[in-house]
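Given below, in the form of structure tokens, are the structures.
Look for subunit A in each of the two complexes below; its partner is subunit B in the first and subunit C in the second.
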Partner chain A sequence: MIWHIVKKEIYHNLTTLRFALMILLLPLLMIANALIYGLAGGGWMAENNTHHQLAARSFNELKASAAQSLAELALVGPGRISKRPSPLIFCADGADEVIPKFVMMKSDIHSSRSGGNDAEPYAWRFPWTLEYPLPSESGNSMQRIKLDWVFIGILMSFFTILFTFDAIAGERARGTLSLIMSNQISRGQVLLAKYLGAFITLMVPLAIGILMNLLVILLSGSIPLAGGEWLRILGMVGLLALLVSSFIFLGLFFSSRVSNAITGLVWLLLTWVCLAFAFPSLLGTFVGNLNPIPSVDEVSLRKEAQLAQIEEEFREPHSTRLKKAPSAEDPETTRRWATYFLARIETQTQLADAQIDWQFRQVQLARDLTQFSPIACFQYAMEGLANTGVVSYMNFVKHARRYRQTFTDFIKTEDRTDSASLHIYPVKEGLSQKPVDVAAVPQFQEALSHESVLLPVGLLILFNALFFIIAQISFLKSEVK
Partner chain B sequence: MLQTRDLTKVYNETVMAVNALNLTVNDGEIYVVLGANGAGKSTTISMLLNFIEPTSGTALIGDIEIPKFPLEAKRHLAYVSENVELYRNFTARQNLAFFAKLGGRKKVSNADLDATLGRVGLPEAAFTRRVKTFSKGMRQRLGIAIAMMKNAQAVLLDEPTSGLDPKGGADFLNLLRDLREEGKAIFMSTHDIFRAKEIADKIGILVAGNLERELTREDIAQENLEALYLRYVAGYEPAEEDSE
Partner chain C sequence: MQMLWLIIRREVVSNVLTSRFIIGFLVCLLATGVAVLVQVNDYEKRLTAYHTAVRESQDEARTWDVYSKINPKAHRKPNPLGIFHAGMETFGGNTVSVEPARPIWSGLHISFFAPIQKMGTDNPFLSIFLSVDVTFIFKIVLSALAILFAYNAISGEREDGTLKLVLSNAVPRDTIVLGKYLGGMFSLLPIVGVSLLFALLFAYASPATAFDGKDLAHIGLIFAISLVYVSTWYLLGLLFSVWTKEAATTLILSMFVWVIVTTVHSNVATFAVERLLPSQPTAESFRPIFQEALQIWDAFRKERNAYVKQRGREQAADWENPQDAISWPSKELASEISHGSGTAPWYSKETYGVNNIEHADLSIFLEILGYQEPLRIRYADKVEEVLNRPSRAAAKNAQLAADISRLSFADVYSFAVGTLAGTDRQSYTDFLSATRTYKRQLVDYLADKEAFSSPTWFSSDRGAVVLTDMPVFRHRRLSLSESLSRAAGDILILVAWNIILFMAAYVSFLRYDLG
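What follows is the complex of A and B.
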């Protein structure tokens, strides 16, 4: 019985202009997506090559430092740590172009002191610290609209509205709802049939579009996809299905509430605009004003002030504590330099970590608040699976911090094996002067974390359940005629 | 046989739509219920189809209590509504096939469909035409075809003749006669006293949810139905010469 209605719904939808529009638009958008992300400007491959070149350069520098000595390695640091470009960026762009793609763990060459004068009797460099680059500026807001699967998913939610606004109200107006209901079929079955009819009608063109998209990507060889990526793509198709499903229930809810289909459409469009654009923007602005992040200048000033205090404590003209150069023969002075360096490292690390943590907290708050929208949940879950967007950068930073500790621990452990060393970290003269086998140096491992996917996916499922319940209750209470 | 027993519907605990309605429609009988707008005609039909729950009382099709076993009851009920537009992008045949399957027909051949469409007087050329090109009369015929195809024990018609021209109305009544001949219990609501008088075996006059009068075929022949209607429905006592 249900299948008769499902088949009728599908057939009915197939004969509509909206379906013709969707079947034309979706594959076109999907092919355009594959071409833009796969081929335009060298596509993902070019970005990946750049990443590998930079990583190789960084490794060579690390190798050179390790070949010199452990002390040199401890001073210079592991180098530039780059975030691997996600091959699934075409699914969820996550505004990755404005998000930093690396962190620096390298001694800044500009922070070296030339030496050779009275005030600076010898040359030296500040040891490395973990520094976070600033986000890239993007002047044109239109450039931020990306033709990724997330955008296509949002478009799908719009199409879903067009397919459901009259699903029940239209039947009521035509007098066919009462005719259907005069048969041996319950309201729940009618609702389920309506849902399935709309779901199949919407998912089939979407599936065709996705297949065409993946076919273009595979045939062009522009983005190589491994087994794990295919699984994640499958997960994303599931997310698209969940988004479409939630909007079908929402559409059925409004459609059952109103007697005029156009009224239902107006309500649905309003809801869609609020969920997709208005509320996320408003909440973003609200969160930004609620707890404004200190500006770069403010942070720089604060950093300069704190570093100046350290300088004053340790160096000329008020202190003569670091008058002498550190050396293996003078552990006392070397220890003093270590105290000085550690104080600077601690201050720089604290300020840099605090600044970025502040930004992350604000992003997290904005995300938490906007997750009442199924569209936002869909976007966050897609970015989580694609490993793009702010959360993937947060995850990258978390791993970079862990690596900072691992690298420091390695230097200290390795140094302990050299009995000739003073074991004074992080002063070059206080550490082992023996070369290090580069293979023993821990490498940065960026592990993917899909933890951030769990909450939005859970919420998306919850939205489906909630919208199903309200649609069901609303239809049960609504007039048949 | 279709029956109501003290069938009552009260909206929002204050508005009495139907008050303890008792009526019986026997097989092979046409029962016409007359009444003004808001008299409770459509509410009665809605309760008979379980579109709405009665506040109290019950209705039966055969020995099946409709509010208790609505799905089972609906197997024996067919419905023709006032303004059925049907699926405009579907042909007459497609509309009929869909509702026939929904009505429980396992297999429906084109020959079956065409036979029913022909029986209700639709021209053959219209069988494969989209319903959006149909006149109201043609759609009503298709509505009757849908009811016929279901082959239910009782047929409920909610003001089916409104908006039909005299020829369309007369043809429609002929279709009802055919259904009566087949032994169906037919329950029809209308404002049209002339058509009611022409076709009804029983007439009930509903006023503010109360069945004020029930007339048998003999009563209809003897009584001045127009005068009765004006008295009960319009609250207007016609002068002697008016009612002549």
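What follows is the complex of A and C.
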């Protein structure tokens, strides 16, 4: 009996105008997505090439400083650390253009003094610190929505509404609901049949769209996909199914509550607008007021003031602490210079880390708050699987920090093997002057983490369960006529 | 006439009594209220940051004791109408450092030292969230409501069988179309009006927002445009209602068109253009530009050195040793002249300090300065031209994207409101050109004072320079007529859509088959 109703539902849906419109629109958008992300402006390949070029350039610089000496390497640092572009960006763009793609671990700042005031002439390079670039910005806010799978998923939830708003209310109005009920079938089974009917009709065009999308990408060879990525794409299809399913339950709930199908649609439509656009974005903007943090200028002023204080303490004409230049023969002075450099490094690192931590915490709070919308959950889970978006950048920063420690530790251990060195970090004269084998230098490795997927997926399942229960209860209590 | 009035009244009553009217009204009010609350909060923050920045600049101005130190900052004042349409309010730079010989170019994320900077932001990462303003709510929610009011205007009556009854009266079909249209608009009017009033009330509740008469006139215009926009959607729904036989089909069709026009089209258009022709200059695209800028600065130094040579200062030919251009009365008094210089693609600066200035004969030195500084400014203008090339190309692409998205009248509405509110891209460009105008005023002022060839250019030995009559940066927003004429194109497109849709609905209804 259930299958009977499911079949009837599917046949009915297939012949409607909305199905025709959907099956036209979805593949069109999917192909546009594949073409734009795969080919436009060189597509992903160009992005990946740039990434490799920059990484190679950075590696060559590293090689050059390693060939000079360990001391040089210790001061210049590992260079520019770039984040690998994700091939799955066409699935979840994650405001990619806003999010930085690298961090800097390189020192460019030289300084020198020519003597005078009894100070010895000396030229030096300030040691490297980990610096975070500012996120860039672009155009107006509507451009924040990209034609990725996430957007297509949001559209799918809209189509779901159009398919379910009259599922029960329409039958009730036509009087066919009481006819169905007169059969030997429970209400739960009717609801299930309605659900399955809508689910299958919606997933078929989506599956066609996805297949066409992947076919275009495969045939054009614009984005090479490996085994792991296929698995992740499969996971995304699962996410799309979860989103569609939750909206079917929501649609069935409203449809069984109202006597007039149109009232149900009005409710659904407004709920959809709120869940998809209005409240996630409003909460996102509002979080800055909930949890205020110091502005970028304030932090940079604070940094300047602290650095100026260090300069005052160590290098001002009245201070005698750094009158002499550091040298391998004078460990005392070299150590003093090391204190000076370390004080600077600590100030810079502390403020830069603190600032980006504040910002990340705010973003995290905003994301946590917006997760009450199933659409936001879906988006975050997609970004987590695609390894795009701000969370993947947070993960990248975490690894970069770990690498900062690994690199410094490497320098120190390597330095200990040279008996001629004074072992004073980070002064050039206090470190080993022997060249380093570049193969021994630890390389930055970014481990992907899909941990951020768990919570939104769990919530999405929870939404499904919740909407299922309210739909079930509401249908059980509803009048047949 | 009486018949028309009757139809209108009947339409309004039947619309207002439905649940969709009440739900729509409530959701519209709620969404507008929350959006305004968030935007007002944001505006207050921007305003505080602006006032702080202005105060800091004033403090800084007090430390200028010589002409060469003059470096005023031009601040973009937050626009209170940004509450209604945020647009470019939160984007782009808001502080421009104006120096006579320093090009003003948009390189917000290219260099920390670019003259256009954005001050007062606390978390740039939050821009990954959409920002929702009143225009956005109107664009999405009001349009949906208009459709929900219109979809069964004709096809619904036909299904109920009342259409035949209406037409059996002595009432021409055009009166019915007009009556339906006006009736629908009269029922939508309170929603638009009350929502906007609500927004205005919320905005007024904040002490930071002080709307003047001009702002209110702009808000009035925004209200009018919003009505025109809603009317476009209503007419579209009406047209579909005439075309289709069943109300349900009308609704599905309208909803599809709605989602495509309000969300899909503009995103696809903007996004495709963005990917094909990037509208955001990158560090890579600036590399050759910087090279060219450095060459221009080289040319400047060559020309300057040629002049120095021509003035018979062979030994100072490279101006490395400007000391030679000063003659000292005696050996004992001959003292050092300090000279510092720095060159980056975006500036070339040289500073001088002369000891024992009261005894020295500076005439030739000053003459060379008087030649060199205006020359530097002329070259800076050339560099400015070069440095702004990427952003000009980007602006062109953005314009193209905007033009393509204008195919959707929802975007036309958004653009029109942006122009009226003064938060569109053009207004931002206007701010930047105002800073360039200000720079020219500053140069003229310095030239009037003969500052370049005066010892006060680099020395304050005779007291600090008096700068009370120095020009101040002013940037005013457009007046009502100016912004209206600028938005005229978009408004006309909206009106044209209205006329076309109305004519189409009218003609279709005249040929409507009741069978």
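Assume the second predicted complex is superposed on the first by the 464 of 481 C-alpha atoms of A that agree within 3 Å, B and C clash if a C-alpha of one lies under 4 Å from a C-alpha of the other, contacts with A are read in each partner's own complex, and residues count from 1 in each chain.
Just so we're on the same page, a residue touches a chain if its C-beta (ideal position, glycine included) is under 8 Å from a C-beta of that chain, and two chains touch if they have at least 3 such contacts.
These numbers were taken from a predicted model, which means no experiment stands behind them.
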item	value
Touched partner set for A:I180, first subunit B, second subunit C, both or neither	first
First (subunit B), second (subunit C), both or neither touched by A:V296	second
Per-residue touch tally on subunit A - higher for subunit B or for subunit C	C
Partner chain(s) touched by A:M1 [first = subunit B, second = subunit C, both, neither]	first
Subunit B versus subunit C as contact partner of A:A46, first or second or both or neither	neither
Partner chain(s) touched by A:D166 [first = subunit B, second = subunit C, both, neither]	second
Common interface positions of subunit A, toward subunit B and toward subunit C	16
Residues on subunit A engaged by subunit C in the complex (per definition of touch)	16-18, 21, 25, 29, 32, 36-37, 40-41, 50, 94-95, 97-99, 133-147, 151, 155, 158, 162, 166, 170, 260-263, 265-267, 269-270, 273-274, 277-289, 292-297, 358-360, 362-363, 366, 370, 389-390
Residues of subunit B touching subunit A in the complex	42, 46, 49, 51-52, 71-72, 74-75, 77-79, 81-90, 98-99, 101-104, 143, 146, 150, 156
List of subunit C residues in touch with subunit A within their complex	18-20, 23-24, 27, 31, 34-35, 38, 41-42, 45, 49, 86-88, 91-92, 108-109, 119-132, 136-137, 140-141, 144, 148, 152, 248-249, 251-253, 255-256, 259-260, 263-264, 266-268, 270-272, 274-280, 284, 398, 414
Residues of subunit A defined as touching subunit B within the complex	1, 4-5, 8, 11-12, 15-16, 173-176, 178-186, 479-481
